[in-house]
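Here come two complexes built around chain A, the first alongside chain B, the second alongside chain C.
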Partner chain A sequence: MFQVRPLPNTGTAVLTVTLVVVVLALPMVLNSYYLTLAVSAALWAYLSLCWNLSGGYAGLFSFGHTAFFAAGAYTSTLLYTELAVSPWLGMFAGAGMGALLALIIAVLAVRYRIRGMYFSLATVAVVEILRPVLDTWSSVGGSTGILLPLLNSPGNMLFIKRAYYYYVIVGLVAVAMLVTWMIARSRLGYYAIAIREDETAAEVSGVPSARVKRQMLAISAALTAVGGTFYAQFYLFIQPEIVLGWDPQMQMILGTMVGGPGTVAGPVVGSLAFSVLTEVLQLLPIGWSPEIAAIVMRLIWGVILVAVMLYLPGGLLGMGLHARKRARVARA
Partner chain B sequence: MTALRIEGLRKRFKGLEALRGVSFEVADGEVVGIVGANGAGKTTLFNTLSGVIRPDTGSIRLHGREISGLAPHMICKLGIGRAFQITRPFLNLTCLENVTVGALNREPRAARARERAMTVLAQVGLDDKAEMLGRDLSVSWRKRLELARALASGPKVLLLDEVLAGLNELEINEMVRLLPTLTTDMTVLIIEHVIQAVLQLCSRAVFMQAGAVLVDGAPNEVMNDPMVIDSYLGTEREC
Partner chain C sequence: MHPLDIVQALLYGVVYGSIYALAASGFALTLGVMQIVNFAHGHFIVVAGFLSLLLFRLWAVDPFVSIAATVPLAFVLGAAIYSLVLRHVVMESHHTQIMVTLGIGLIIENVLLLAFGGDLRLASTGYTSRTLRLGGLALSVPKVVAAVLAVVTVALLWAMLRYTKLGKAIRASTDNWQAATLMGIDVRRVRLYAFGLSAVTAAVAGSSLPTFYLLSPFSGIEFLLKAFAIVVIGGVEDVRGVVIGGLLLGLLEAAAGMLFSAAIGSAFTFAVVLVFLAWRPSGLLGRA
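Our next item is the complex of A and B:
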């Protein structure tokens, strides 16, 4: 009846097909160094997509997604090392653990009316509580962590060839984008963005905010936990300091905020931009040691984040979308 | 039939008793103006009716069903819609998305809800702004968006909190002309300071002072009541 959004035209279709072909063909042309980089970049894109469902759509600006990440990594890894359960199955158990943890957090947040910045702080607290627990829990590896064996066992998500990891993570990115796309056009998606904008107005308009928050955080957490399983399988080593560290958390948030929170492709664009930038910086012939390069990189991240928040609140993609919307309105 | 029966509604905020035993009934299809000076408890009354705040004691029945203390989204589902005094559009959503959120109450499928939202946008004259963001609207358009979002949720009882405030004379006239066409078959409660609008729109007026209903009757009688005039203009003694 009403044609509100234009259908994708042929130009978009051609671009999409080209992009898919390039992404799938990449392992054939990349050497193992760049393939590792590509896997890592895709993993951060995936995790940004997961965080986006919570922070970008529902306005649940979590600083505690590493808790879900760790839940996934530890659950599947322990199931594999202790009980020989394949991580392909352990991945779902990890997702369940992540979702359970998210439900507990969401229920408490609603019960005690923890919103906005206070919600962010509460999620920091969750991570800060989890870290010493894992650090001192010797039967799950304590602070030294857990090693996975280096072997080729596709049935256990262990590969010698990096290309297989690449296809697994690219598949996960595709799934996360599909899930985001489906949620965005569903009732749940509309309700989530309404809560993000104004929770009271949303409730008065019929949005069951408690349920929507629970669902969005649980979905986001379950997917994040799957990323944790992949991380463990790819790097073959997990440790509280790493999986519960600030770096993975910041990368999820930065990727999303720079690319465009509350959009399907934004987190991918943003996190890829960061991965490329990080690599370019390390390639510059300045002769920095890796430690110095890492510090400089953080500095640059910080500056970019502040600049984006000040001048591009919708992120790279958000800016494009709004410009297009305004243009369409102007034409009308 | 009685649409709304309010009995002995009380609400205390720390030292201030905002509502001290408000009771009145609204019949189906009635358009009731709620008038009174600032601080009389009008908005607090709306807040308790829409579930944003919980009354300390008292009862609110919507078509016989007790709703006081229910969550706002449940009350919305049961048929009370509300437009806020200070408009609260979802700033980063388009007009269409704003209204779709309300429409999803009656049409769980997003595609159908968007169609319903588009129809409502057309009714309030915002259809050409469907793709504009809430933040890009002027005050007068925001008022209409607020109204559209409430209408799209399919209310039986509509609460309008100063939808005319901040509008110029031309816009007020337009809104006063528009409102009755939008609210046919609905029971409407209107908080309004523009007396002329109350006289034109309402079949009855309720005058509140210090958290209680003081005068209740035909709009022109209420507006000419000495107590009401006193409260708005002050007595001669005080001047």
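Our next item is the complex of A and C:
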């Protein structure tokens, strides 16, 4: 379901430049409350982009990306609190840990032919094993978690001003989109899509599926781990229940699936829609508390998810109906 | 550790294992018959549990008695969800089905949250803390009742699949739905009934929980993962596989809980699931 994309024309170029200027100028307009929201929205957009590389492009429907997220958060945080290594460096160590974990998972999944929903279950199992282990491992904070200090230390990715966090995460979103765009146009990307559409057919056609799966999952995991480091530095608190929870995993998947799996901008659109709608619901003059608004939001999100999967399986940005028809024809 | 304590813990393993087997039987039924992965199956169980809790609070209906109400309701709701939504994704990929049923689960979970709040709930009946004494053993009455009920329900499901016309039609549709269609079986209706039945097993499991098991709207995912684990261990092709898987999971949890802590016990269970995924992907009874 891929096609050769034409080069961007003047219209899209102007639009892109405007968008970039607006995004970069936002901290000057927003107060600290909205800036915090913007950072969190951008973080979810970033994580959805990461998951998209594995679930959207390669068809590796992981439910265990929180394991990579936690690998990044814990590695950089422990390096910082125990050895005073700057999280700017720890971030790369975390990415390495995430990629290593992903490689182990990918190698075993290929070796034992764990595919489709069984791959999803296997990745859930990894998280369900890691969480109790971290919970009971007192030297890494146990179930109480780890606190980071509240101070202004740009060399250690700690800022008092929200605007700096905003620029870091917006930069990360840009990097993730660039990586996705480059992969989508590369041999690796085409191989990944071939595997997603029909793994057996791809293998028969000479696609080195084991290597492609390893690479896609490892890249996705490394980027996810960087998101974990950013999460720790921004919220200054990590805990197994949170970083290995079901919620962050769901947000990554929902943002991608609703926005458009296997597209560069889809995950961003989907997860931003989620954040914006949540906030709008709280602002509605119905007197909903933030908790009730969040519940109603998740309820609506469930409805949106079902509707998108039934009527627009390619997501808001995907060529949904086309892919759906193809799947029907292929199975008939 | 006293040997009687070990026997008692293992007996509870069997008790929980039977309930897990019932919880997984509906999940296995839809997966085997329709190739539908229902990620909302755990939520079906929780809905039934909360309905029983509601009936208990409003009119003091015993949760086990309320099964008479939740079962027909579950069949109707299951059939409705199937014909409104899942019917359209029967032929789609498992990924699509997972997303659709995750969406249904999200809807259920948040409706329950709005209606009941996020607290853990229990129905305290007159027999909630009563125990059955057997020699040196003490077994909680509601747990034993729930386990017996689970065994009976799973046995009925097995007999139904084996001996009734509908059961034969369901099995025929599992083996080869095209051939079944050619033999005059209305596969679409068989699927509808099978999905309704799956919801019924969820209702029996859910309604027998509130007397001893703390339920919250978030419990759905817990039961889903258990059901999935059991299906991996036992396979989907036979109810007997689900029973074996359920008992193994219950015993594993009990043993790991004794040897380590409950938390590490849960990690251990998932490690076993990983081993099964690698070693026996279609389950103990599945065709290799």
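Note that in this section the second predicted complex is superposed on the first by the 312 of 332 C-alpha atoms of A that agree within 3 Å, B and C clash if a C-alpha of one lies under 4 Å from a C-alpha of the other, contacts with A are read in each partner's own complex, and residues count from 1 in each chain.
We take it that a contact is a pair of C-beta atoms (placed from the backbone, for glycine too) under 8 Å apart; a residue touches a chain by one contact, two chains touch by 3 or more.
Remember, predicted model here, so these are calculated numbers, not experimental data.
Colleague: For A:237, is the partner it touches chain B (first), chain C (second), both, or none of the two (neither)?
Modeller: neither
Colleague: For A:129 in the superposed arrangement: first (chain B), second (chain C), both or neither?
Modeller: In the superposition, A:129 contacts chain C only.
Colleague: Between chain B (first) and chain C (second), which does A:288 come into contact with in this model arrangement: first, second, both, or neither?
Modeller: In the superposed model, A:288 contacts neither chain B nor chain C.
Colleague: Regarding the shared-chain residue A:198, is it in contact with chain B (first), chain C (second), both, or neither?
Modeller: In the superposed model, A:198 contacts chain B only, not chain C.
Colleague: Please name the chain, chain B or chain C, that touches the greater number of residues in chain A.
Modeller: Touched residues of chain A are more numerous for C.
Colleague: Which of the two partners, first being chain B and second being chain C, lies in contact with A:309: first, second, both, or neither?
Modeller: After superposing on A, A:309 lies in contact with chain C but is clear of chain B.
Colleague: Using the touch definition from the top, say if A:167 reaches chain B (first), chain C (second), both or neither.
Modeller: neither
Colleague: In the superposed arrangement, does A:209 touch chain B (first), chain C (second), both or neither?
Modeller: Only chain B is touched by A:209; chain C is not.
Colleague: Taking the superposition as given, does A:88 touch the first partner, chain B, the second, chain C, both, or neither?
Modeller: After superposition on chain A, A:88 lies in contact with neither partner.
Colleague: Of the residues on chain A, which ones does chain B touch that chain C also touches?
Modeller: Of chain A, residues 328 contact chain B in one complex and chain C in the other.
Colleague: Which residues of chain A touch chain C in the complex?
Modeller: Those in contact with chain C are residues 59, 61, 108, 111-114, 116-118, 120-122, 124-126, 128-133, 135-136, 246, 250, 253, 257, 292, 295-296, 298-299, 301-306, 309-310, 313, 324, 327-328, 331.
Colleague: Quick one: which bits of chain B touch chain A in the complex? Just the residue numbers, please.
Modeller: Listed in rising order, the residues of chain B that touch chain A are 50-52, 71-73, 76-77, 82, 84, 88-94, 96-97, 100-102, 104-105, 108-110, 113-115, 118, 128-134, 136, 149-150, 153.
Colleague: Hey, which residues of chain A end up touching chain B in the complex?
Modeller: 1-2, 4, 185-187, 189-191, 193-194, 197-198, 200-209, 262, 314, 322, 325-326, 328-329, 332
Colleague: Residue numbers of chain C touching chain A in their complex, please.
Modeller: Chain C reaches chain A through residues 37, 85, 88-89, 91-96, 98-100, 102-107, 109-111, 113-114, 221, 225, 228-229, 232, 261, 263-264, 266-267, 270-271, 273-274, 277-279, 281.
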